[in-house]
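In the two complexes that follow, chain A is the common piece, with chain B as its partner first and chain C second.
Up next is the complex of A and B:
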């Protein structure tokens, strides 16, 4: 299996303070990989590094074999590397439909093909269709998360990065969202790198996982193995 | 009696409104208060007047070239000063726009010399009878063109993908990039539209005065006052405030005395800064571009 994402010895920092201190990880084509770790471990920074919102101090990132570090974030987004950011970041003053339209900037869909894609997204998230003309700041947290994911899917990602999609959702909704992601990945062969604080939920929906502590990977392996790992259970699964 | 000052007020108010929306467009998309905005008024007028002086070139072509020159100068400003400074402290950026204004003024002085120039109006200046008052076709032309351009800009911003991309860039540039939006290009487009509109204002207003390096200074200050009064939150609000400002100061000029015009405009601005700093149409959560 080829790797859609390969990160090698990645170091990222905000000014003097290094947030990611030499991370090596990969995501294979079609795989769902989760990155778990406590608050402040460097998970979001890693994702921002992958999409070029934080420039690496050293190390390399390859997306579908190509080095990404010379590419701008918007270029990567137009070429299938899409991040749903932490906190969803929907455009408050735009309606649901307008948010989806603006997100289609990352696709090369027009006319009928775009309409069909939007239809597909409304089928996945029927609630979005009901609220299509609502300004997105009036949406509930769960609806905003659906919109954020809809925006990413409209870009036709090859690798989807999700930063804490369950944050602020009810346990039931969180489970639904994470399961939906893994189902979509299976059905469409989409590669996913999922960042979660809810380790149990994330591992249950993933093929493999990495555990991050203070900017370093401290454990990795198939999801089932990590779930049984003593250290991981103690630190992240509360047992 | 009141019709005539009202129409002149709407005409000058339309000019203020053009400047106010052009000011807000770059402010919202790039975060810059461009204090050189008024100088692009003068650039458009000077270039148009020079080209119009060449035999055989129709006035409308000269006007379009003037607008193009102002837009081009705006793009140059974005490349030379905005881009390198955009991640530096905000004060550096503001000072740089003041400096650009001074550079443009001095350059214009060197190129066009100290003597005022003239630019004929695009429509013949005749006065027509309207509800018993004499009003000028030039005033009507100003009102129509400003209104058409502002409405067109508003429609582009609210109804097209380009408008949504500008909105996205203005509220959250990082997330806009995640949506594949070429934010750098959009900032350039915002500068070009903004300074191009300032150039249009210059071409519209020049026939009423003469073309000097100071042509746009007072207009830009009044437009700034209108943004304060209307609120920096939305373009239509600022445009309405600008038209209102033009009307009020013109009525004051007619019924109180010409000297009262600027006093009233800036008095209102100071009053708003103190009493209602968010302006009449204050920016609410989820306010549109």
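Up next is the complex of A and C:
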């Protein structure tokens, strides 16, 4: 299995404050990988570094074999690396359908291919079709999360990065959303890198996991193994 | 005035009139409005007997053009510009110079003036990409001041404080606008076309990308929207319409002089959008008309004009952050809401 994403010794900082201090990790084709850790461990910053929203101090990022360390966010997005940012960030003044349109025109989808793709998104998230003409700020938190993910899927990612998709959702909805992602990945061979504070939920839906603490990877392995790991259980699973 | 403190367009937490956009149901109406507006501006041009009020109406039409342009920059893409007077001046002076020194027809001079405004907008927009909010407002304010200083000091080119007089030329060979009603008709039609173009931009994929960038640049760029392209495009559109307005103004009043193109003009154009409403091109239209006629209506109270103007602006920002347009829409949606409530009320 080849790696769609390879991160080597990545260091990211906000001014003088180092947030990520030498992270090495990879995501294989079709794999769902989760990055867990406490608040402020550097998980979100790692994702931002991968998509070029934070420029690396050192280290390298390879996406689909090419070094992409200096690429711009929108270029990466058009080449299959898409982030669903934390807090969803739907385009409030646009309707659901228009939100999807923005993603479609940015990724140059037209005509029949576009229609089929939108059909597919509405099949995954039927609720979005019901609310297609609603302005997106009127959606509930769960609906906004679906819209944010649907929008990212329209862009036809090869690797989807999800930053805290369960944030602000009810436990039931959070479970649904995360399971939906892993099912979609299985069905379509989409690689996923998932950042979550809800470690139990994230590991249950993933193939592998990394545990991050104060900017470093402190544990890694198959998701089932991490779930049984004593340290991980104590620190992140509350048992 | 601190522009960033003014209501930013379409804050998601504000109650706006219609959470659902019914595009299909309004298609016919939204196409019929354009011929209706053309008839209206022509009727106004022919129907207003009083030359003074007709001139004010033409001024309002010119400001409508500048304001809908800034709507694209500010309302759609969220970039504050306090330098629209600079583009307005470039449009006006270029047209004036080409007509008076090179003997160009007004139409050709106007097109070149608009192109130059757009190019300068491009030149200012690209380096300003990294700036946002207050910083962009300051950079554009600086640009406006630089243009204003050039107008006064480059006497060899701009005529200094005297400006350029006698900007009179046929639009194209053999077709000349002689009377105020002629001009009112011509500028009215251009204004309607400008609003039309801007509504098309709003509903195009570029317009939606602009709104996406305004609402969340992180989300927009991580879906592949090029922030730089979208922002520069929105900026250039604003510059082009400001240049067009300036060029038309030069032709209509037949002279340009530096006094017109100061900071207060830039602030006024921005205020038109805030007062009218930044959520729709119609907000810009309403704002331009209201703020052009207001000083005339308030002429009898002269020294209190600025006071009343300031209070109006405060009232809008404090109590109607969506502007006059959003107030209209709220009032317009009341009957529908009332019916819905009455229906659901029966069951509960």
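As a convention for this text, the second predicted complex is superposed on the first by the 237 of 239 C-alpha atoms of A that agree within 3 Å, B and C clash if a C-alpha of one lies under 4 Å from a C-alpha of the other, contacts with A are read in each partner's own complex, and residues count from 1 in each chain.
Here, a contact is a pair of C-beta atoms (placed from the backbone, for glycine too) under 8 Å apart; a residue touches a chain by one contact, two chains touch by 3 or more.
Remember, it's a predicted structure, so these values are computed and weren't measured experimentally.
When the two complexes are overlaid on chain A, chain B and chain C occupy overlapping space and clash. In the superposition on chain A, A:67 makes contact with neither chain B nor chain C. Taking chain B and chain C in turn and counting the residues of chain A each one touches, the greater count comes from C.
In the superposed model, A:93 lies in contact with both chain B and chain C.
Of the two partner chains placed by superposition, chain B and chain C are both touched by A:83. By the touch criterion defined above, A:57 reaches neither chain B nor chain C. Of the two partner chains, neither chain B nor chain C is touched by A:116.
Within the superposed three-chain model, A:105 lies in touch with chain B and with chain C [touch as defined at top]. Only one of the stretches 9-17, 27-35 or 333-341 in chain C has C-alpha atoms clashing with chain B after the fit on chain A, and that stretch is 9-17. Looking at chain A, you'll find residues 51, 53, 72-74, 77-78, 82-83, 85, 89, 91-94, 98, 101-103, 105-107, 135, 137-138, 151, 155 touch chain B in one structure and chain C in the other.
Note for the complex: chain A touches chain C at residues 51, 53, 72-74, 77-78, 82-85, 88-95, 98-99, 101-103, 105-107, 133-135, 137-138, 148, 151-152, 154-155. If you check the complex, the residues on chain C that touch chain A are 9-10, 12-13, 16, 18-23, 205, 208-209, 211-212, 214-216, 218-227, 279. The residues of chain B lying in touch with chain A in their complex are 161, 164-165, 167-168, 171-172, 174-184, 285-289. For chain A in complex with chain B, the residues that touch the partner chain are 51, 53, 72-74, 77-78, 82-83, 85, 89, 91-94, 98, 101-107, 135, 137-138, 151, 155.
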